[in-house]
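Quick one: structure below, then a few questions.
Letters A, B, C and D name the chains as they come in the text, with residue numbers starting at 1 for each one.
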Amino acid sequence: MPKNRLEAFADGIFAIAATLLTLNLAVSEGHPLGQELLTIWPQYAAYAISFVTIGIIWINHHAMLQRLVSVDHAILVLNLLLLLTIGVLPFSTALMAEYLNASHGQNLAAVVYGGSFLLMSLAFFAIQRHLLLAKPHLLQDHLTPEVRQAVLRRNATGLLPYAVATVSGIVSPFLTLAICALVGVFYALPRTRFDVQHQRDA
Amino acid sequence: MPKNRLEAFADGIFAIAATLLTLNLAVSEGHPLGQELLTIWPQYAAYAISFVTIGIIWINHHAMLQRLVSVDHAILVLNLLLLLTIGVLPFSTALMAEYLNASHGQNLAAVVYGGSFLLMSLAFFAIQRHLLLAKPHLLQDHLTPEVRQAVLRRNATGLLPYAVATVSGIVSPFLTLAICALVGVFYALPRTRFDVQHQRDA
Amino acid sequence: MPKNRLEAFADGIFAIAATLLTLNLAVSEGHPLGQELLTIWPQYAAYAISFVTIGIIWINHHAMLQRLVSVDHAILVLNLLLLLTIGVLPFSTALMAEYLNASHGQNLAAVVYGGSFLLMSLAFFAIQRHLLLAKPHLLQDHLTPEVRQAVLRRNATGLLPYAVATVSGIVSPFLTLAICALVGVFYALPRTRFDVQHQRDA
Amino acid sequence: MPKNRLEAFADGIFAIAATLLTLNLAVSEGHPLGQELLTIWPQYAAYAISFVTIGIIWINHHAMLQRLVSVDHAILVLNLLLLLTIGVLPFSTALMAEYLNASHGQNLAAVVYGGSFLLMSLAFFAIQRHLLLAKPHLLQDHLTPEVRQAVLRRNATGLLPYAVATVSGIVSPFLTLAICALVGVFYALPRTRFDVQHQRDA
């Protein structure tokens, strides 16, 4: 299958999952609106963090596909599993927003929230690993084994913050939220010249 | 009509239907969250199975369109009917998730769930049959009558598991779910060299 | 603006509006499932008719754009108005499904349902008219004034059934539904050789 | 990253956010349908204004990208922030529709509604400014510094009406709605020859 069809389907799911997050933004009736808009701040935080995270994974997904010449059955299946984890994010985001200020269940909700990001990262890592180690013949020519190892190592490092965020939920859901937000902020920072060169090689 | 526009519309509906499945994932308030997250396991199972099934039909849809040079009115209409059956899946999935553990209606829900997959497969078979038997002039050159017969036979075989899953709902909704899951797992398995050759010919 | 960007946005809205119709399919709790699945037949009918109608207008929208070489500001604005009417269809469809069997309001719901299709057709006619009469320089070369008149006349004729369906709602909502369904069936019928020739010219 | 992938993702989010607005259209039961359909007119107004506004920003987004040759990390991040503000619009639109005729909270809802449009315009202005001032090497050749200044000035002017609409909410939510509607109508007006020339230069 030519990879552009894969891109179209994946782009669709990334865009829809990100936009469906908006359905989690809602006020309840019966309270003064001003107070209610302040009370639901976990909704805004969870919305913004999840939206940016989906955006980041979308950008990385493109970088990954750009290294490919074409796709085969195993890649399609692994990609489908990744998209399945993307589809879960509106659910885990709603959970986090609903329970962050609740009197019970907030720690579990945070673990599920961090865990859904970890799951997504693991699915991403699985495709990346499969491409770089098992399917070098489908990659662009200029990817030397050294570059491939470097890309994979960077990917593996990316799993760490989400693993920490998941476990942190046991201590405090706010910690989970903060770590997930920091990943987004870190990624959004201007790239140094080193990064850019690094990225170009990969 | 050039087939790329058909692809864009179909890709959109496949991607949206798959992502809308996420709206079926939800916890009810009033129970401890931990217990609630365990109780709703039919939601996860139905979500994952339906997501993967839509993914599989999307992959097959592409394989089908790749054999085509262009599309005509009859193909557009048959394709619209296929997409209509795809749009039903979030509904039948919600039904399955809601009734799997209920004290009544679970068998009927399973029949509807399996039946919605069967309906989708029948619509797919109808297009495939139309293309291969009635519109050979729209197909790529290298498709000999023998290859076309083989593709169609493989498609017809694909109807069987969903027919069995539908009828199984009368006995047990869990059986329906298991069969639908197995179809997904079977499809996700690595292809043998024989399959790949087979697929290339088709 | 090159017309392919317009197509991507329009395709997205057509596909999403069609798939969102699925959210109107739902059973209420508290009744035996079998009885409930029979009771909600207006939901199925309204879903299928609206889905197919959106599909038809999507196909016609493509035919319209294929005649164009590029798009300008007025076309973008008129197209946006058409898409706005498409976005209303999930609402009017829900209304029709909910009130068809109700003891009051069913006639008004049918008028709104038929009226939303009429509105969409009028918006479509407005673009078509603008393109064919005011912007001949943006059209493909081979469209003679005679062919353009013929296309426009066919379009105007297409308004009639929806006007009748809207007014029929006053008499019976079932009549409205039947007329809208018939338009779909008529369109799905195999084209005669005459139609095909006609279409090729246009 | 080639800009066509950015376009596909952005088009998806624009189209989904616009179509999700339809979920805000709903009648409550328990009232005569005719009266209810009149009562919910703020829903129609908010739907139409938000839909057209998203359409306008989509058109401007394309104009912006057409000036670009390729995109870099900073543009991707700024674009993601713009899309995040687009995803908020179904929420602020629902708020406006729900509170416009309410006995309390209507002014705050209008400030939030106008504010969400202002936020979106600010995010748009931020990308535009970044492109035109910081990344001239990514722009098409023919954009002289004078033209770039003119584009930016026009963009800054576009912020004004939404700032006024936001503040007006304190006085009257109807004023906010009217200003947002006027922006849409103004944009939809036929372009003069001067505008067209102006636009071609930019």
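Heads up, the rule we're going with is that a residue touches a chain if its C-beta (ideal position, glycine included) is under 8 Å from a C-beta of that chain, and two chains touch if they have at least 3 such contacts.
Values in this document were obtained by computation on a predicted structure and should not be read as measured data.
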Spell out the chains that contact subunit A while also contacting subunit D.
-> none
Which chain maximises the distance between its CA centroid and that of subunit D?
-> B
Residue numbers at the subunit A-subunit B contact, same meaning over half shared and different meaning under half, come out as different
Given that subunit C is a copy of subunit D, what angle of rotation, in degrees and a multiple of 5, matches their CA positions?
-> 90
Between the Cα centroids of subunit A and subunit B the separation in whole angstrom comes to 26
Whole-Å distance, subunit A centre to subunit C centre, using C-alpha means?
-> 37
Can you list the subunit D residues in contact with two or more other chains?
-> 8, 12, 16, 20, 23
In graph terms, with chains as vertices and touches as edges, which category applies: line, ring, star, complete, or other?
-> ring
Subunit C partner, complex, touching residues on subunit D are 7-8, 11-12, 14-16, 18-23, 25-27, 32-34, 37, 47-48, 51-52, 55-56, 58-59, 62-63, 66, 187-188, 190-191, 196
What does subunit C use to touch subunit D in their complex?
-> 1, 5, 8-9, 12-13, 16-17, 20, 23, 73-74, 76-77, 80, 83-84, 87-91, 94-95, 99, 104-105, 108-109, 112
